[in-house]
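Worksheet for the structure shown next.
A, B and C are the chain letters, set down in written order, and residue numbers restart from 1 in every chain.
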Amino acid sequence: MSSTPSNPGSPQILLFGNRFRRGLLHMACVYAALTLLALIFLLPFYWMLNTSLKESTRVFQLPPDWYPNPVRFSNYIEAFSESSADIKNEVPFIRYVWNTALISVNGTLASMFASSLIAYAFARMEFPGKRAMFLGVISTLMVPFTVLMVPQFILWRYLDWLDTFLPLTVPYWFGSAWNIFLLRQFFLTIPREFDESARLDGATHWVIFTRLILPLSKPALAAIGVLAFVYFWNDFLGPLIILSKPKNFTLTMFLVNFSVAFIRTTPWHLYMAAALAIISPCLLLFFFSQRAFIKGITITDFKR
Amino acid sequence: MTAGFFSLGRRRAKIQETITAYLFILPWIIGFLIFIGGPIVASFALSFFKWKVIAPPEFRGLANYVAMFSGDDLFRKSLGITFRFVLYSVSLSQVLSLSLAMLLNQRVLGLGIWRTIFYLPAVVSGVAGSVLWAWLYQPEWGIINNLLEFVGLEGRNWLWNKELVLGALIVKSLWNVGVPMVIYMAALQGLPQDLYEAADLDNAGEATKFWNITLPLISPVIFFNVVMGVIGQIQTFAEPYVMTNGGPDNETLFLGLHLYQNAFHFLKMGYASAMAWVMFLIIFALTLFQFGLASRWVYYEGQGA
Amino acid sequence: MAEPVTIRYGRHDPGAGVEVTLESFAEEYPQIEVSIEVIGEFHAKIPALAAAGSLPDVVRSWEAMALDLGRNHQFIDIQAYVDGQADFHPEDFYTNWWTYPVEDGKRFGIPDAVATHVTFYNKDLFDKSDVGYPDPDNFTWTHFEEMARAISDPDNKIWGSETIPVGWHMFSIKQVWQHGGSFYSDDYRSCTIGDAPAMEALQYWADLLLDGNIMPSPSQLVGIGGAGAAAELLTAGHIGMQRMGSWITGGLVEAGFQFNVAPEPMSTEQATIAHGAFNNISTNSDYKDEAWTWLNYNCSTQGIYNYCSQANFPGARRSSNEIAPLPWVAEVDFEVNWELIPASLEYGRILPGPANEGEALKLIGDGLEKIYSGDAKAADILPEIAEKVTVVISDV
């Protein structure tokens, strides 16, 4: 194939692009694919939003309304004021937000910091028992939680940790298998020549880890942080099993209690409003933090 | 003499590296011993007992394991269902999430918004997402049937139809590709640009660049997503629990649900523990198999290749 | 004065109405503080709490669970407390509710509220099709089927009868009772679903369902499934007759059509489901006397009324059901046969509580699903299922 330089203004370049510019046709395809997929992905949310803004008597109309008429924004207030997980009404709603935030922020920080150290050892060091130990780490993810639940519950009771946040916060500071594995895989994509030359210069593992590997892994760490936050924010079974007193409840527990708090009929419009409101912090976090982990690191900079 | 000196030095360096390495992974060892090890040992021991949870356990030897393979048709059925689901769900979601990550890597306008849209479903995981999808699939009020009727097609009772129900759950699982997508996006961002520049100079096409540069470079991350996808999806629980309760006719009785029902609805915790250990062995074998296979297709930049 | 004692009261819901009882209790018994625990995922957490020896001092639990926890020594025998309480008046309770939580002479709990099923019907739909209303004194399945057929207009999404949502197998038991059968023998030691009355009744319902015209197809109403989850179609005006507990009246008031109440239809016997819960004291409680003080207070005439008036169903004490405004009555400007709701307590039957009920229900439910989807006839599979269930429930 001869690479005759083409006139940048030629129709061919405009449509298909060259190695420096993507053509119109190419970008049109990209946008078309994105739009179609986005519509499919958003459809469930539209239905949720639609339901959340309906008048209670119009929720079960057949055929259903394609858009709420009239639009009831007050559902969003009602959802949080009329349902309560606490019959004594002593727990302000903000308490659930605070509890959830506490567990989520702790979990995020723990996930980002604790696991990278362990992952580094598995990615960059040689020691006897490494393979077995690594399989051991991943193995902990393979035992179904269902059968660990009761023995663990007995353990929390023995430690006197039941109905406290300790079981939901402390263990994550000892590294979690998912994060260790993910970070190890990321560390493995970093060329080994970097740390080898650093080693020759006499750098210790600690220095290589903190000065070289961690800065290079920012996108991965940021991704882990966001994923962890969302995981802890939405965690349902963990808090549900551990926590009992309404003052310790999290937002998902508030949501789960929704159906039982309203004895009469399930208020789907309010449920959807509450669900949308509760997930919104995760969306905002993702939207504003994505720059942090999407900003590419150009490894070429380090090579020179 | 000199050779001996060197090997002595190397051995000392090796010992030192081992000590450092164990110091690095010490937190995990401590955490494991305190929080996970005990419950794991307990659940293994309990698999040899009859344990109603609300009554003291009674030793039964291998009875639970025998019952699983000789008397429990549902166990075999749930194995088959779970494998089919994992196969489709994991492979299709890799294709979808990597495609999305690559589309988003094309310097499109409004990137932040696109990315948020595709990530969005990941924040509605587990129970809340399952409730939502039961609502979408609902034959009368669900948007899916109403859309079908709108374009003149007949709606179906998706979750009450033996042929359709597993497919319906697979589609739901594809909606939740946000996590692997984010991981792929992070991986694509970390790729060294100089390789692409060099390929451009050679006039390589997009397909060539994808197969020869992108795929090998992110193969460790693909490997991660596949391994974790398999481990996670085999244990699928919330979707069948909330959306179908295992039906119709046990066509969505996933292993995780069968296990849960035995543990807490039937209070056969000993039997459930035995099942969990069989499940563990299956997942473990699958993972080992994948690690074995990995050396053939996963390319580690860090290991010099 | 002694240090105040804190006792834990665990229940599956926040229990609207109980806060009134808690307030007056706090005034009368300042030395006992009641801390409420809302136990989500009841089926998993109650056993976990029991295994950890950490059950709340007072637990409110459903029929079969109360018996099972009692049989396995997780709840204490409270008969002595009852006998020592002069103002307790056991005779005030409906007899079947009073005798239910007793096995081998041990009493494991005290009932509070009772939800019985009756038939709610949409008078507007009856009028539109020119069909006469159900006669409370003579309402049979033949009548029910005739009326349902006359009302149904599936093309316009109008159905004469409600459907039983997927997985709600317990609702089928009333069909069997009304035809003279049952799921289990009286001592819960053998399963009688393979007997003729049970098989006939279940096949009858399956045929109505498979007919495809008089009720919507069983749908997924699981998920957040609150107590009234199955009544949405009725409330939206698409169902002629719905057999359900009186808790749905609150939603019906806003529905915008006139409704009324009839008993459940009968075949050979008048019967319906009575569903409720018991208050129990756990064996691991360190404050059993204080726990009884609260339990007794909460299950008093006023305590039961406080909860029932919010939940819209009758109480297990007759005296609670005489306080105005009556809990199950909703304010509407048309005539409703409200008196049929407390009357149903006299013939309503409490959900059975055999040992290993969960596994038994799974076996029965799997069979029912096959019958209701037309894959099998009741007579072909139920006798075999009954044998299996008998094995399961006799392992006490």
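Here, contacts are C-beta pairs under 8 Å (C-beta built on N, C-alpha and C of every residue); 3 or more make two chains touch, one makes a residue touch a chain.
Because the structure is predicted, anything quoted here is derived from the model rather than measured.
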{"item": "Co-neighbours of chain C and chain A - touch as defined", "value": "B"}
{"item": "Pair of chains joined by more contacts [C-beta pairs], B-C or A-B", "value": "A-B"}
{"item": "Whole-Å gap separating chain B and chain C, where each centre is the average of the chain's CA atoms", "value": "39"}
{"item": "Distance between the centres, which are taken as Cα means, of chain B and chain A, whole angstrom", "value": "15"}
{"item": "In chain A, residues with contacts to at least two other chains", "value": "60, 62, 149-150, 154, 256, 268, 271"}
{"item": "Junction residues of chain C, two or more chains touched", "value": "44, 47-48, 51, 157, 224, 233"}
{"item": "Multi-partner residues of chain B (each touching 2 or more other chains)", "value": "53, 131, 135, 140, 263-264, 269"}
{"item": "Chain B residues within the chain A interface of the complex", "value": "14, 17-18, 20-22, 24-25, 27-28, 30-32, 34-36, 38-40, 42-43, 46, 53, 100, 103-104, 106-108, 111-128, 131-133, 135-136, 140-143, 146, 149, 175, 179, 182-183, 185-187, 189-194, 200, 203, 217-218, 220-221, 223-224, 227-228, 231-232, 235, 237, 256, 259-260, 263-264, 269, 272-273, 276-277, 279-280, 283-284, 287-288, 291, 300-304"}
{"item": "Footprint of chain B on chain A - complex, ascending", "value": "1, 3, 19, 22, 27, 30-31, 33-34, 37-38, 41-48, 51, 60, 62-64, 114, 117-118, 120-128, 130, 133, 135-152, 154-155, 171, 173-175, 178, 180-182, 185-192, 204-205, 216, 219-220, 222-223, 226-227, 230, 233-234, 236, 252, 255-256, 268, 271, 275, 279, 282-283, 286-287, 290-291, 293-300, 303"}
{"item": "Residues of chain A that touch chain C when the two form their complex", "value": "56-57, 59-62, 84-89, 149-150, 153-154, 156-157, 162-163, 237, 240-241, 244-246, 249, 253, 256-266, 268, 271"}
{"item": "Residues of chain B that touch chain C when the two form their complex", "value": "52-55, 130-131, 134-135, 137-140, 157, 159-160, 242-245, 247-250, 261, 263-269"}
{"item": "Residues of chain C defined as touching chain B within the complex", "value": "43-44, 47-48, 50-51, 68-69, 72-74, 157, 166-167, 216-220, 222-224, 233, 356, 358-359, 362, 366, 369-370, 373, 375"}
